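Take this structure first; my questions come after.
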Amino acid sequence: MHIENGKVLQHIPIGAGYKVLTLELPVIAAAARPGQFIHLRIASLPDAVLRRPFSIYRVEGGTLSILYKAVGRGTEAMQPLASGEILSVLGPLGNGFPLPLPAGRTPVLVAGGYGVAPLYYLARKLQTKGVLFVGGAKAADVLLEDEFRALGWDVEIATEDGSRGVKGLVTVPLDAWIKTGRTESALECFACGPNGLMKALGHRAVEGGFKAWLSLDRHMGCGVGACLACVQKVRIDGEDTLVRVCKEGPVFEARDVIWED
Amino acid sequence: MHIENGKVLQHIPIGAGYKVLTLELPVIAAAARPGQFIHLRIASLPDAVLRRPFSIYRVEGGTLSILYKAVGRGTEAMQPLASGEILSVLGPLGNGFPLPLPAGRTPVLVAGGYGVAPLYYLARKLQTKGVLFVGGAKAADVLLEDEFRALGWDVEIATEDGSRGVKGLVTVPLDAWIKTGRTESALECFACGPNGLMKALGHRAVEGGFKAWLSLDRHMGCGVGACLACVQKVRIDGEDTLVRVCKEGPVFEARDVIWED
Amino acid sequence: MHPKLDINLAGIRMKNPVMVASGTFGYGPEYSGLVDLNKLGAIVVKGISLQPWGGNRTPRLVEVPGGLINAIGLQNPGVEGFCEKYMPFLRKHDLAVIVNIWGKTVEDYAEVAARFSDVEGVHALEVNISCPNLKAGGSAFGTNLEATARVVSAVRARTRLPIIPKLAPNVSDIGAFARICVENGADALSLINSFPAMAINVETRRPVLANVTGGLSGPGIHPIAVKLVYEAAKAVKVPLIAIGGITSAKEALEFIIAGATAVAVGTANFTEPQTALRVVDGIADYLKRHALPSVDALIGSVRL
Amino acid sequence: MHPKLDINLAGIRMKNPVMVASGTFGYGPEYSGLVDLNKLGAIVVKGISLQPWGGNRTPRLVEVPGGLINAIGLQNPGVEGFCEKYMPFLRKHDLAVIVNIWGKTVEDYAEVAARFSDVEGVHALEVNISCPNLKAGGSAFGTNLEATARVVSAVRARTRLPIIPKLAPNVSDIGAFARICVENGADALSLINSFPAMAINVETRRPVLANVTGGLSGPGIHPIAVKLVYEAAKAVKVPLIAIGGITSAKEALEFIIAGATAVAVGTANFTEPQTALRVVDGIADYLKRHALPSVDALIGSVRL
C-alpha cells in the first residue's frame, strides 16, 4: 500500500458517459493486481473529506488507468481533469481475484457497468481465454467489447432494450450458455457490477455449483480497513463474520457471501 | 445595486504582487462611481460562504477592473483566474467620494497599498488636477505612478527604505507639502489605504483644519447593510452612532470618524 | 398540475414555506433591490430589544470552513426605532413579517412582546432565547428549561400574536425544550440558532472576534440541525421552522421531510442573495417531479 | 534551538502532543504501511467492549459538506480479541497506546477497565461516554451529569491506569461535565466526540444511514470544538486532549492555545493518512518561528 502523487497523462471519453483516466503512478502500478482498487483524492473538491474508490482497469509500464462515469459530486468534479494535473492516490488496495486459474478451467467473466474495467485487467493476466458476458441498457452502453475480442475472448452481449445481443439482463445469455452442456466444475466465474447482478450471480453459482468470485461495491471511508464503514457479512467455515470489503475484499467467493437485503 | 455574472476579460500582474482583473459587467459598470466597491463571489472557492469586497479601479465602456493582491484564501484562489471564466459580482456598493469638487479646491490624494485603485478612478473623474501622495515599503511597491502622471497629476512618493522619493511614510512628504504655504481651506483630501494611515491622516485633517475623505476597510459579510458586521463609530451633529461601512461608507469625512483603537 | 406551495403556520398564511432568517436579511430594504420580497413566504427581521442596543465591537464576523462565526451582539434600533424606520416599508409588501425579539430579563421580553401586539403588519414574534452572543439573557435562557418556561409564558401573557420561541442547538434533549415551550403557549418553534464557537488567530494568539466567542452558522451545521428538527418533530405537534445551513432546495427539503413546516435561509443570503427564491423554485420543481399535491404532503414524510 | 515537543499527559510521557483519534485509525496495523507509528505521540484505538460487538448495518458513513456522518456502531472484537490480535503489534512500537472503552451498563465499563488494568503496553483508557450511535449507553451517559459520575467513578474504582473520559459535544455546559469527571477521578479529558446528526436522501425520503442518525465529524465542527475546549480549560486543571476537525497544524495550534495539552486527528486520516505527521512537523515549525521553548509554553496561552 502506497500514497503516490499521480500526474494525469490522459483523460478520454469512451462513450456511454464513461471516461478513461490514465495516471503516472510507477510505484502503485508496479504493485497492482487485477481486482484491486485505488482510493483517489479529488483535488478540485478540496472540501471533500473522503477519497473515491476506483477499480484498476489497466496497468502499463509506470502508468495506471481507471474507467469511470460521473454519478455525483466527486466524479462530476473529475470531469475537467487535464493532462499535467496532480492527484493524490492511495493504492493498490484490497485483494485481487485469485490467480492463477486452476488448470483445465474456463474463465467466465460477468460484467455490469464499470465492472468491465477490473475484468479486462484480469483477462489480460489470464493464460486461458474464455468468454465475457456483458450487459447494458442499450447497445451504446456495452463497454470494451472490441478490447476483449482483441484479446481473443468471446463476448456475449445482452441489452435491456434488445438493441444489441440478447434482450434482457446479462444473466439471460449466461444461463443459456451454462445450460448448453457445460460441466460446471470446468468453469470458474469472475464478476463485477451492480449489487443486484452480483447477488443474482451469487445465487446461480451456489445453486449451479460452479465457482464464482464477486467483486463487491460498498461505500468506503478509509479504504484500508481502519473505519469499518464497508463491512459485508460472510460465512466462513460455518461461522458468520463481518469482513471489510476494502481489506478482505473487494473480491469474495459467491458461496461465502450472506445477502441481507 | 445589481447581481451580475461577469466574464473575465483580462487578468494581468502589475508588479509588487498586485494584479488587475478586468470583468465584463455592463450593468454594474454603468452605475459605478469612484469610491464604490464590488462584492465578488470566488467560484474557485465554492465552500466560502462570504464574498470578497474590492474597490472599483477602472470603468471603461461595459468593463470594470479591480486591482488586488493575494493576502489569503480567497485572493490566492483568484490567482489562476483566466479569460472567459465567469464570476458572480454584487455592486456597485456603498457611497463613493463626494463629487463634484467645490470650485477653487485643489484635490490631494493619499494612497497606501491598494488605495491607489479607487483614487485613480476618482482622479479620472475630477475636473481639477492635483497631487497624489503614494507610499510603499520599497520603490517596487509604488503603484500606478505613470498612470497618474499621464493624467497630468503630480506624484509625491515616500518609501520606508528610502529607495524611492522621501524616506518614511507617505505622511512625511504630505506634511512638508502642506506646510509650504498652503491655505488649508483651499485643499480637499481623498484617501484610501491601511487603517493606520487613515487614522494618521484623519488626525492631521482635524488638527490642520482641512477637509479629508477617508475610505475605510472593514471586514464585511453581506456588503449591503444587512448583517451589521462592518460598523464604524462616527459622530454626526454631536451624536455618536454606528454606521455601516458597506452602506453609509466606505467613505467618511475625517472629522466624523471616532477612532476606538 | 401545480403543487400547492402555500402553508398555514400557526394561523399565519404564507404563500410558500421559505423565509429569510433573523439577522441575515436586515429589516427588509437592504436586499430589496436584489430580491422581490413579495416572492418570499416571510421575513424574520434582525433581533429587536426594548431600547436601542449597540452590539459588540468589531471584528464581528469571521469565515471558517463550512460557514462563518458571528458576534454581532444584537445591535438594533429598539422597538420604536424599528417601527418608525422599517414597518412602513414592510407593510407595503406581500409577505409575512415575523419580528425576532430579545431581552436581558424576562420582563424585557414580555415588554417588547406587548409593544408589538398592536403594531399593524406584524404577523408573529420569534422569541430569541438562544443568542450565543449575549452574556446575560440569550442562550443563558435557551439552555435552561426553567428559564425557557418563564420567558415563553411571560411573553404569552402579554401578546395575542403567534409566538415562536427560537431554540438553542447546544442542548442534549431538544425534545424537552420543544415540549416546555409548547406547554407554555408557543404556537410554533424555530430551530436552530447558531452554535457557540470560537476562532483563534494562531499568529497573534488572540481570538479573531472582539467578543472572543460567537455563533457558528452555515452549511457545516445542517446535518446537526436536521437531527434536531427530526427530534423536535417527534416531541411536539406545533409547526416547526427549520434553520441551519440551507444553500439550496435540497437542504430545505431534508428539513421538511424530517418534520419542518417551513424553512429559513440565513448565511446563504450573504453568499447568494437570491438563494431563498431559488429554494422556492426548487421545492416547486421537486413537488412536481414527485407528483406531490402540496408542501403539506411532504412534511415529516421521512420513511424509516 | 530545537523546541521541546514532548509532553506529560497525566503521567503518560508522549514524544509529541499529536495522537490519532479513536475509530479513525483502526488498531494500528491498518495505516502502518503509510504512517510510521513511532512518530506519533499516541494512538487511541477503536472503541472496545467486554464482548465482541457487530455494530450497525450499512450504509454506515456518508460525506456531507464540511465533514462526514458515521454510524459504525462501535463494532469491535471485544477485550480478548483485541488483546490477542493487536496488542503484540502495538507493543512493538514506540508510542503511547490509549484504549477507547465503552459499555452498555456502568458495570460493563468497569469490567472492561478492570480487564485492561494489567495488560502490558496499555498506557491509558479513554472512556467513551459520548458515542452518538448507541441506543443504550453511549451519549446517554455523556449528556447526563449523574450518569457520567457513575461511569467515571466505577471505572476509577477498577483500574490503576490513567482514565480519560471522552466528553459529548451536545451539552449546554461542558464545564460542568468536565468538573464532575475530575471529581470522580478522571486524570485527563478528551473532547469532543462527533455531533448527533442526520442526512436524508430527498429522492427516496429515507435516512441515508441504516442507523437513521449518526455522528458528524470533520472540519465543520472545529470552531465549536475550540469553544468547548476553551470552556473546559477554564473549568478544570487536568490535561485536555482536543479533538474535532483537525486537518493541519493550524487547527491543532488553535486547540493548544485554547487550553489543550494534546490533540487527536480523526476524519482527516481518511482524507490524508499522513495528516498527523504533518501536524507534528507544523507544530515544531510554529514553535521555532515564535521562539517558544516547548509545547507547554503554548498551552492555554490565548490572549484576551
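By written order: A, B, C and D. Residues from 1 in each chain.
Please note the rule applied: a residue touches a chain if its C-beta (ideal position, glycine included) is under 8 Å from a C-beta of that chain, and two chains touch if they have at least 3 such contacts.
None of these values were measured; they are calculated from a predicted model.
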{"item": "Path length in steps (a step moves to a chain that is touched) from chain A to chain B", "value": "1"}
{"item": "Joint neighbours of chain D and chain C, given as chain labels", "value": "none"}
{"item": "Distance between the centres, which are taken as Cα means, of chain D and chain B, whole angstrom", "value": "48"}
{"item": "Averaged-CA centre spacing for the pair chain C and chain B, given as whole angstrom", "value": "36"}
{"item": "Residue numbers of chain B (touch at least two other chains)", "value": "47"}
{"item": "Residue numbers of chain D (touch at least two other chains)", "value": "65-67, 219"}
{"item": "Touch-based graph of the chains, sorted into line, ring, star, complete or other", "value": "ring"}
{"item": "Pairwise chain contacts under the document criterion", "value": "A-B, A-D, B-C, C-D"}
{"item": "Residues of chain B touching chain C in the complex", "value": "1-3, 41, 47-51, 88, 90, 218-232, 242, 247, 260"}
{"item": "Residues of chain C touching chain B in the complex", "value": "23-26, 30-31, 33-34, 46, 54-55, 57-63, 65-68, 70, 72, 75, 218-219, 267-274"}
{"item": "Residues of chain D touching chain C in the complex", "value": "64-67, 69, 139, 143-144, 168, 170-173, 195-200, 202, 204-207, 212-213, 216, 219-224, 226-227, 230, 245, 250, 253-254, 257-258, 286, 301-304"}
{"item": "Complex interface listing, chain A residues touching chain B", "value": "46-47"}
